[in-house]
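What follows is a set of structures to go through.
Presented sequentially are two complexes of subunit A, the first with subunit B as partner and the second with subunit C.
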Partner chain A sequence: MMTSFLFRAMDTRAGIFLAIMAAAIILVPAGNLLAPEGSAFHVPNYAVTLMGKYLTYALLALAVDLVWGYCGILSLGHAAFFALGGYAMGMYLMRQIGTRGVYGDPNLPDFMVFLNWQELPWYWYGFDMFWFAALMVLLVPGFLAFVFGWFAFRSRVTGVYLSIITQALTYALLLAFFRNDMGFGGNNGLTDFKDILGFDIQADTTRAGLFAASGIALVLCFIVCRALTRSKLGKVLVAVRDAESRTRFLGYRVEHYKLFVWTLSAMMAGIAGALYVPQVGIINPGEFAPANSIEVVIWVAVGGRGTLVGAVLGAVLVNFAKTWFTGALPDIWLFALGGLFVFVTLFLPKGIVGTVSQGWTALRQRKASAAYESGSGDPPSAPPQSPGAPANVKHSNRAPVTAEPQPAE
Partner chain B sequence: MARASSLLYLDGVSVSFDGFKALNDLSLTIGPGEMRAIIGPNGAGKTTMMDVITGKTRPDSGEVFFDGNIDLTGEDEASIAELGIGRKFQKPTVFESHTVWDNLELALKAPRGPFATLFHVISGAEKKRIEYLLELIRLGGKRGDLAANLSHGQKQWLEIGMLLAQDPKLLLVDEPAAGMTDAETAETAELLKDIANDHSVVVVEHDMVFVRSLGVKVTVLHEGSVLAEGSLDHVSANDRVVEVYLGR
Partner chain C sequence: MSLLKSFFLLVGLMVCALSGPSFAQSDPEALRPLINGLAEGKYAETEKQIGALAATGDPAVAPTLEALGEGDLYVRKSDGAVFITKKAGKGYALTDPLTLEPAGEAGRREVSKIKVNNKLRRVLRSALGSLTLMAADPHVRMAAAEAIFKARDPDGIEALDAALAAETDDGVRKVMEEARAAAVLNSDLDETRKLEAIETLSVMGNRDALSLLIGVQSSANGAVRDAATQAVAKIEKSIAAWDAAQNIWYGLSLGSVLLLAAIGLAITFGVMGVINMAHGEMVMIGAYVTFVVQELIRTSAPGLFDYSLLIALPLAFLTSGLIGVAIERGVIRWLYGRPLETLLATWGISLILQQAVRSIFGPTNREVGNPDWMSGAFELGQMTITYNRMWIIVFAMLVFAGLMLVLKKTPFGLYTRAVTQNRRMAASMGIRTPWVDAMTFGLGSGIAGIAGVALSQIDNVSPNLGQGYIIDSFMVVVFGGVGNLWGTLVGAMTLGIVNKFLEPYAGAVLGKIFVLVIIILFIQKRPRGLFALKGRAVEA
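And now, the complex of A and B:
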């Protein structure tokens, strides 16, 4: 059962993606740690951290693509789950500081001492243990998503209304986490981390390790998403996206399907946040900002909605552009981002990956017809394949996805 | 017919939208294995009746029972579909970004839960059943095509195929011949008659020629209640029916 489930995840496109990821996971840390400084192969420290950060963004984009690209749920609040995962990890890192804080209190983080708190709030218990924090990274975003989704999907809130309440969700959390009384460091958030699992968080090896961990997390989540979207469940999701009420009348309980992917997606976003925080060294309520969630949607749209690989590509490309722009031309970054979104919407409605694979199909079909006309080869029959086509139904002459994702209501 | 021996039993069903009575004290009984045609002018409540049966709309008052003793008014769309009522919409609704094959596979009778579908591996029996249906709806050569690329008539047929794949006890078919050529209409009538051999079918249709070719008992709806019932010739002879519908 499990093997056939995972077997479905693989095809050429997934293979290429996994090969690139494997190369990055090995070569970047190797280039940083093994190649001597000044060598052409040396990867500077800042680049390792920067790329590690991109990978966590890519994982967040993957999570958004799963719900938006395949199930039509346009989430404008995924940064909330990302930030919650980040806070869970941040709490663990705070507890690891121990007596090395400014006030030297063995139990209380600095901000609590500063606020004259006498003891640790109950919800900070257990976060000194890594396994507990790691569990919370999954459970806290998952639980919130489950409760939110339970009410929203059962009441059949869809389309733009759902998008608006996801914005409200992340904004409410933003305001809540700004309050000092919440016990999460208020405005300043959590920072001044010292070590993670006993390793110095500033050390080159730790940074390389975090990069590799982000890469591996991305690969694993990609395989899960890929297997899931190519299973029958994935077909049901696309069916829900395209004709929700038809799916209901076939006997599928649409709200259960939505709840399942929604919760899974939130957990992936939580993992992304947890890997992000040790690499950037801070988590504060700014991560809940509604604009962040919207930016993630732009990454996915640029890369190609409903393609998984596209989400990763979009996140890396847009963030690379952001890094470059904010360094070289800081004033025009927001204009560039807006311009990019307009450009993609007008000229590449399927995103980069969607457009490329469409062009590839057209090219192959043209070649096939040319071969047929010149008297050799089989008649051109390239049946377009649906996004959730199973591995065990063979169509002759398979072509990449050409189905156009429908707009979310 | 008594409730206990009926397949579908509607009694005194009323539905109103903002004061407009879409269904007004509608009573209707379908027996097991029966095929019934329902006709009526626009706004007679045909589609609302289907909505009530399939759980999309809750009736304000009245009883809806399936299979003698299952109360449908408390169930939602998914569980009513699971009970064995399949519905074809007026506008053909298929999953456009799925292939014809996948459309049928999704409709095929199988466990409907997320975890069941996540680990589902298509079985030989399921493949055979899909092959059989593809043959039946004459889309065998288009199995790999996206449903979006089918013609209107082919979509109608695919949707009927999906209905059959569900293997329901009762099929509700809303205007199956809409937008079809005469030849296609005749074929559709034949197909429905075939289906009626081992299923109960309720067909809503405007096309009189089509209804006549089905040759079954006809119920005429008008302003949300039953105006007349009987053979097509019998109801055509009814003065009120002529006045509200046929005479125009």
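And now, the complex of A and C:
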């Protein structure tokens, strides 16, 4: 049962992806730790952290792709789950500082001493234990997503309205975490971490380990998503995306499917956030900013929604471009990002991966036709529609030129 | 504002003219013997002279009396002339008590101080109080009465009685009566007078009166105490009512800001179904147009500054409107029917516009001035109403009414509504739907530009101006119901008022969080907002 579940997750594309990931997980830390400095294979420290950050972003993008690409839920609030996971991890790291803080208080983090708090608030209990923090990384975003989704999907809030209230959710959390009274460090957030699981957080080996952990988390989540979307459940999700009402009329409990995949996705975003925080060394309310969530969506759109590999590719590419632009041409970055948004939505609605695989299928088909016409081979069958790629049901029956405004959904 | 000033001036002139000899400027030199008389004889004689000086009612003697109270009044031994002095080196610098001009210096031994005792000081104080209470300038009289109110000095009662008899300005008279009441409550006068005073204060009904009466409540007893208790209860009630009124006012003011920001969105999102994330940037562009207009006026025609906003309005409308049409023609029309993609593309556009403005005008806040008629405030009962908030409410209502008129009474509005309700049918009837789309989008963007002109008056003009409003605007539109301008109006005002009522209890930030949560919950209940469109158009 389990093996067949996993077996379904595999095909050529997934295989290539997993091979590249495996290579990266082994080679990057090795290049950093084993290759001597100055050697051509040496990976500098900053690059390890940077790539580790990209991997956590990729995981976040994967989570968004799962709900948006396969279930049609455009979340403009996934950064909220990401940041919540990050805060859970940040709280653990804060408790690990112990007496090494500026004020040397064994229990209270520095900012609480600074604000004259007398004792630890109840919601900070337990975060000195890693297993508890790790559990919270999953449960807090998961629980929030479950409650939010329970209400939203049950009342059949869909489309644009859902997007806007997810944005309201992350905006409300942004405002809340900015408050000092919340006990999460207010404006400054949580920072100045010392060690994780007993290892110095600044050490090269720890950084390499965190990179590997991010890579492994990404691979595991990818396999889960892949298996999920190729299962029967995944087919129902695609059905929900393309024709929600019809799926409901066929007897499926649409809201249950949505709630399940929504909560799962939020948990994955939480994991991404938890791996992100020790690598960048800070978590603050800025992570909740609605703009961040929208940016994640564009990573997915660039890579190709509904392809999983595309989400990872898009996240890495866009963030690499961002790093390069903000270093080399800081003024141009927002122009480039904005232009990317417009370009991708207008000219690459399937994203990079979607467009390439479409072209690949077309090419293969043409070859098959040519072979058939020259008298050999079987008649070409209709191109198999990838279950992943958006079917674009609405547009397949009319040319894009006649696209017309519709009332908001 | 200038009207109010000239009114006061007029009242002042009338007071001068009507109040007869006591206010008329007498020949200053006639006062000199009286002043010089201060130095003659003992305390009893001095007291008599003070009385005589006060009786002239001439404000010109006030500096002399003040100096006497401070112990700065000296007499020159050689000729018996009196001067206001100030220590200078070893001797004293002399000032003429009437003309207040320097009158040379004198050694330490050449002058001697005119002595005062506590009794004289008290006499001086009341004499001075009555002098300023009689001053020609109503502002000075008002200030004097307010000073007595604060000091609650029972000695001021007589002076106030005299001043009240001569007072002609109703506003000043009221303050004097209140000051008198405050003084009476602090004196040992009989109960009936005190009860009258409490009555006066309870009519006054503000926080000052409240704290005074609470003091009386704890110190007095018998009938006075009961009366004070009643008055306190009454004032507390009225203050609560005024607070609520003030909150409603603030709420309306916030609501009209939201309305201005959201109304353009209500058109593009509500009527056309286009999620325009660049809407906030249209607002920002409108604000920058105001800035540019003001800069041009400053450099070339400073006299027009008061009209700068009126000039900026049409320009902002045109600029934002044209950019809106360009966006619609260039990007959005390819994305109709795909609202989520539109959302992403317009977000991209918003980033580009922000960065463009940042590159041109710099990332810092730009200074946009308030014209005269928008600065200042006036009092209404116990509320302070600032002119800029008031004008923004008026302006928001005008924009709303204008938009309603355009949509309901013009052919263009008719086409727009037809296209909204049934695009295909409208097209079959010969309406050029793409043209209507472009114009509607331009109209929505232009309105956003106009909103920017108004918001430039109360917010920082920076490239991030629009970002602060976009989420709130969406909340308003979604809350009010898509495709319904009345819904937007009600939604904006409701959110504004709810926000302001939550603020005192929860703080500004927490209040806002509550509002967001309320909206999230509300959407669960009514997914299409307060005033949902009904009919086939919605189901399509």
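The rule we apply is simple: the second predicted complex is superposed on the first by the 383 of 409 C-alpha atoms of A that agree within 3 Å, B and C clash if a C-alpha of one lies under 4 Å from a C-alpha of the other, contacts with A are read in each partner's own complex, and residues count from 1 in each chain.
Note that a contact is a pair of C-beta atoms (placed from the backbone, for glycine too) under 8 Å apart; a residue touches a chain by one contact, two chains touch by 3 or more.
None of these values were measured; they are calculated from a predicted model.
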Touched partner set for A:Arg179, first subunit B, second subunit C, both or neither: second
Subunit B versus subunit C as contact partner of A:Val224, first or second or both or neither: neither
Which of subunit B and subunit C A:Lys235 touches, first, second, both or neither: first
Contacts of A:Leu169 with subunit B and subunit C, given as first, second, both or neither: second
Subunit B versus subunit C as contact partner of A:Val160, first or second or both or neither: second
Touched partner set for A:Ala301, first subunit B, second subunit C, both or neither: second
Partner chain(s) touched by A:Ala47 [first = subunit B, second = subunit C, both, neither]: neither
Touched partner set for A:Val342, first subunit B, second subunit C, both or neither: second
Footprint overlap on subunit A, where subunit B in one structure and subunit C in the other make contact: 395, 403-406
Subunit B-facing residues of subunit A, complex: 1, 4-5, 228, 231-233, 235-236, 238-239, 242-243, 245-254, 256-257, 260, 381, 383-390, 392-393, 395-396, 402-406
Residue numbers on subunit C that touch subunit A, as the complex places them: 269-270, 272-275, 277, 331, 333-345, 347-352, 354-356, 358-359, 419-420, 423, 433, 437, 467, 471, 474-475, 478, 482-483, 509-510, 512-513, 516-517, 519-521, 523-525, 527-528, 533, 537-538, 540
Subunit C-facing residues of subunit A, complex: 74, 148, 151-152, 154-157, 159-161, 163-165, 167-169, 171-172, 175-176, 178-179, 290-291, 294, 297-298, 301, 331, 334-335, 337-342, 344-346, 349, 394-395, 400, 403-409
Subunit A-touching residues of subunit B, taken from the complex the two chains share: 54, 56, 76-79, 81-82, 86-87, 89, 93-99, 101-102, 105-107, 112-114, 117-122, 127, 143-146, 148-149, 162, 166
